[in-house]
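The next block holds one structure in the form of structure tokens; read it before the comments.
A, B, C and D label the chains in the order they appear, each numbered from 1.
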Amino acid sequence: MELVVFIIAGAMVIGGALGVIIRSHPVHCALSLVLTLFGIAVLFIAQNAQFLAAVQVIVYAGAIVVLFLFVIMLLGVDQAEDLRIEPFKIQRPLAAVVGVGIVGLIITAAITSRNAFTPKPAVSPAVAAATTNPPLHDENIRQLARDLFSDHVFAFELTSVLLVIAVVGTVLLARRPDRAQAVTTDARKAPV
Amino acid sequence: MIAIAHPTTLYYLILAAVLFGVGVVGVMVRRNPLVLFMCVELMLNAVNLTFVAMARKLGDIGGQTTVFFVLVVAAAEVVVGLGIIVAILRRRPGATADDLDELKG
Amino acid sequence: MAAILAADSLRGPSIDWLGLSPLLILLGAAMVLLVVAVLTPTWPRGLYAWFTVAASAATIVLAFVQWHRIDLHGTKTLVGGAIAFDHFAVWMTITIAVAILLVALSTDGYLRREGLDGPELYALYMLCAVGGIVMSAANDLIVLFLGLEILSIALYVMAASHRKRVESQEAGIKYFVLGGFSSAFFLYGVALIYGSAGSTNFSKIIASFGSTVSLDRHDGLVLAGVAMLIVGLGFKTSSAPFHFWAPDVYQGSPTPVSGFMASAGKAAAFAALLRVLIAALPYWRDDYRPVIWALAVLTLVVGATMAVIQTNVKRMLAFSSINHAGFMLVGVEAAAHVAGNPSAGRGMSSVLLYLLLYSVLVTGTFAIVAVVSRTGDNATDLAAFRGLGRSRPTLAIALTVLLLSQAGVPLTSGFIAKFGVIQAAVDERSYALAIIAMVTAVIAAFLYLRIMVSVWVQDPEAGDDAREPVRVPWTGGLAIALSVGFTIVVGVAPGWLVDLSNSVTNLAH
Amino acid sequence: MIGLDPLLIGGITLGDVLIVLLKVLVIFVVGLVGTMLMVWFERKVISGMQNRIGPNKAGPFGILQTLADGIKLFFKEDLIPDQANRFVFKLAPYLAFVPAFLVWAVIPLGGDFSNGKDGTIVLFGHATKLQLADPPIGVLLLLALSSIAVYGIMLAGWSSGSKYPLLGSVRASAQMVSYEAALGLSLAGVILVTGTLSTNGIVTAQSSFSKWSLVATGFLPFVMFLVSATAELNRPPFDLVEAEQELVGGFNTEYSSIRFALFFLAEFMNTITMSGVIVTLFFGGPQPISVNGHTLDISPVFGPFTGTIWFILKLLVFLYIYVWFRATLPRLRYDQLMNLGWKVLIPVSLGWFMLLAAFRIGQDQGWNRWVVGIIGIVVLVAAGSLLMLANRVSARNRDREGVMF
């Protein structure tokens, strides 16, 4: 059952990811990204992370990709990129080598420490506790909340700093340059 | 739950690694700054998947909490990144990463 | 339902507010600055900068109080083990606060000249400093990552903040894409370490690896994780081969911001590197030390040789900062020899000393470049410095002192810094590394010499080429003076600072 | 795992599967028929308010008018503009339509909630909830689906390859993303009071009138929710997306035939869905009206479907309110819309949520609730006046610099 879910969602994830890097049109890329994000959300549910699955959809699909699409449409930068042009001859082989290298590295690492993973640990503490007394309906959310506000409370507060920076930064960047006193790119050619 | 065969944590780790690799290749190959961001998002999602898989393996909720933080970071990053892109594209519509050549590097 | 909720009420960790006070001061000051700036149409000129200076000065004072408290009560961790409260953290707090103090002073005149007056940049400096301090004090990989992101995202914005220069926005976008890329690597490393250690908390990671039998350790995953972490932090510290963003970004960013990146940004990244490698993963030191060694050699060589062929002073300084990063890596390598040992050599303290001294140096240098770059922030090629010795002799002398110090000439702080790391390397018998470092120092000296020749020997531009005269605002002048003064004082009488730096090796767990 | 229905505990028999399938089928059919009736209802009510007759030819009272319209649309020629991005153009109507349906999966449509029961009833000898699924994240699913709904509109406008639809869809997505924040914040108040994310749990918690979230959260979140839900739906007075005078027909100008019908249906379906959500969140869903232990008991008449009757009655009230809005309120201007969203709804719902949270902490810690309330309100007023002051200063700065934003 979980295997079936894994295969379908995994296909969504990889298919979407390939779509992002292969499709020439930014809007199509964004839609492929959504496919990947949904696949990931499904995998989260399959691994008992319901809350994260919902947040993943709300934040990523509902906000981030919408923002991408919004920028694409607002700026009208939706012409397709010609993927046949390769500015640097070495770029693609190099990318392929690096990509395969990284994937190979991690997979090798994971497989060498395989014995840590293969025997499915049905007796992990949380699961063990769950089998003895039936878990609350929203056990996952409760655990997450408790962890968030006890062990990770400092990190949680730090995210607020992060959001403040994002807001201040966007306000700073969104200001238009005053046309009256715009300085050209080369001050030497500008009438001083 | 009908137990036929459970995908082990290893399956998820490999899937995440492949996703991460695709993201890396994308960042190195593509030129449209918006698509570059999307590839970075792919990489972050690969990390999220890894965290959740690890959290389940360890029976520890901490991995899921971390994913929550990564989501916040991703949102903040995208907001700022798109802000920069809007600022730059407003001046020069249709710029790709290769057109950004004021800085020789 | 009520019964369940009551049973659920959780107890948060206890919080030592005084221990967190430097962070809170900076955060609060940033908030106050933003709120008040929104409520008043315009502030009297220069008040933003002075407010920032006051906040960072308060931070420094509070940091000294913390230093004393640690002397009395020893180290500990705060807020449920999220961050460490030790001399290392306090030292970095001071370093970063000094950096924003100097940068804020030099930003004031710069922003007014460019017609960009506003509170946002100052608020970002302070928020960014919060990120940097959190990074260097982190006792948890997630906290460290969030600090890293706070620092980086603020830096992306700052790099792109000059609205009138296309180069600035391009620098922003380049930095952003590569920064996001490297953050993802760092985070993947965190995920892999979390998977094998079962926690992201440093204390728990050490406990987990310390207690398990070697068979049970998932070596492959940890090694891959460490590699990813080093790649991620390699970008942030601009170590070769992950340095390629630095010249472009330093050149494109507003000049005081470049100074901020080279000082606070680099300092925080190195502190994070030390925390991760030395504090969290001492058991893997034999695995990552060769990597650090290779990075150090590459960084030293690339920084020194590439710097010499540049013609833009900001790019030169970027490569020079890469070369300095190489020196710091020499110190990190020395520290890695003894990671986890009770007697923690001189590696770590030499790196921290280097960071403080270099931060002051480089902010001063960039303050001078900011002044010389003139309106539009574009006159940063070597030609723009020609004849500075004749037109602004005091400024030229200050620049000469700072450059000599960067080159590592005795009687300046740069010498103390370089001497420290090389001595640490020699202590740990990394003779090859020490020799390479010294050779590259000689090559890099040529670069500083080129700027000095421009300043003192060559004639100023005349006729059509002539640019507006260099004007030094007094705040910028003060920043330069402070930096030069510190450089000479420490260069002449380094003993007290070196002694202080020797106590940073006692990390909290 | 995902929905803890008593039906699915233990072994799954054929009967259980059939019941689930039956639920799906009923929701689907009733949803479609309900949408058609809603179109008719709206036209009839508006024509009544405007003193005309409205549809009256097809069937009794013109009730089959929508069906006739649907058949006509179905047989019309399907046009795809030359400039259109064909794949996305075809995809968009489904993206608009599907989320509206999916929400019904988590809304409790009935069941027995009397005396603190959790809504389980016995159907054909199987204990089950009158709800397709009850995931622990129910409310978040609502938010997720409402954020997915943006895609349909956004992509429809963009893929048409035509100017006005694009403008319409850019407006729509900005509007929906902006109001989603206020929607989420007012919803957070409900979650805080009921202490659960599951829709079933939220309904269970609202066992009497004083415990209805409407009352328990202090009425304001409901108003906020209603306003931002109307904006999410792009219904009047927030229907700038399809402001005919400005945008020809809005994001769906280039659509015809069955694809247009899908957008049309999605809009009305969404209205019903949102009414259902409001009833569930604030009005106790299938719970009967009960004040001080006196319950208005209609169960002897309707048996196990009492809850469903209550749900439908409450739903009808909101459907009427939406039609009423449409008939009476003038449309906002775009800047007014954005100001309302960002400068009023979001700050107010955030402030109110903080106040609720303060009360909650006070309750846990045993503080005096009056003191908490007074301090909270003083703080909120101070923050509010700061915000207003800041708005005024920035407005003055804008005037001085002569910039548009």
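Here, contacts are C-beta pairs under 8 Å (C-beta built on N, C-alpha and C of every residue); 3 or more make two chains touch, one makes a residue touch a chain.
Note that the structure is a prediction, hence the values are computed from the model and not measured.
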Considering B-C alongside C-D, which chain pair is linked by more C-beta pairs in contact? B-C
As a quick test, compute the distance in whole Å between the mean CA positions of chain C and chain D. 50
Counting only Cα atoms for the centres, state how far chain A is from chain D in Å. 28
Whole-Å gap separating chain A and chain B, where each centre is the average of the chain's CA atoms: 4
Mind pulling the residue numbers of chain C that touch at least two other chains? 4, 142, 146, 149, 153, 156-157, 160, 163, 166-167, 188, 192
Numbers and ranges of chain D residues touching at least 2 other chains: 1, 196
Chain A: positions in contact with at least two other chains: 48, 51, 55, 63, 67, 74, 106, 110-111, 116, 140, 146, 151-152, 155, 159, 162, 165-166, 169, 173-174, 176, 178, 185
Sort out which chains touch which and give me every pair. A-B, A-C, A-D, B-C, C-D
Complex interface listing, chain B residues touching chain C: 13, 20, 23-24, 27, 33, 36-37, 40, 43-44, 46-47, 50-51, 53-54, 57-58, 60, 62-63, 65-66, 69-70, 73, 76-77, 80-81, 83-85, 87-88, 91-92, 97, 100, 102-105
Which residues of chain A touch chain B in their complex? 1-4, 6, 10, 13-14, 17-18, 20-21, 26, 29-30, 33, 36-37, 40, 43-44, 47-49, 51-52, 55-56, 59-60, 63-64, 67-68, 71-72, 74-77, 79, 81, 87, 91-92, 94-96, 98-100, 102-103, 106-107, 110-111, 114, 116-118, 120-121, 124-128, 140, 143-144, 146-148, 151-152, 155-156, 159, 162-163, 165-166, 169-170, 173-174, 176, 185
For the complex, which residues does chain B have touching chain A? 1-15, 17-26, 28-32, 34-35, 37-39, 41-42, 45, 48-49, 52-53, 55-62, 64-65, 67-69, 71-76, 78-80, 82-87, 89-90, 93-94, 96, 98, 102
Give every residue of chain D touching chain A within the complex, in rising order. 1-2, 4, 85, 88, 134-137, 140-141, 143-144, 147-148, 150-151, 154-155, 158, 166, 169-170, 173-174, 177, 180, 196-198, 201, 401, 403, 405
Which chain D residues qualify as touching chain C in the complex? 195-196, 204-205, 364, 386, 389-390, 393-394, 396-397, 400
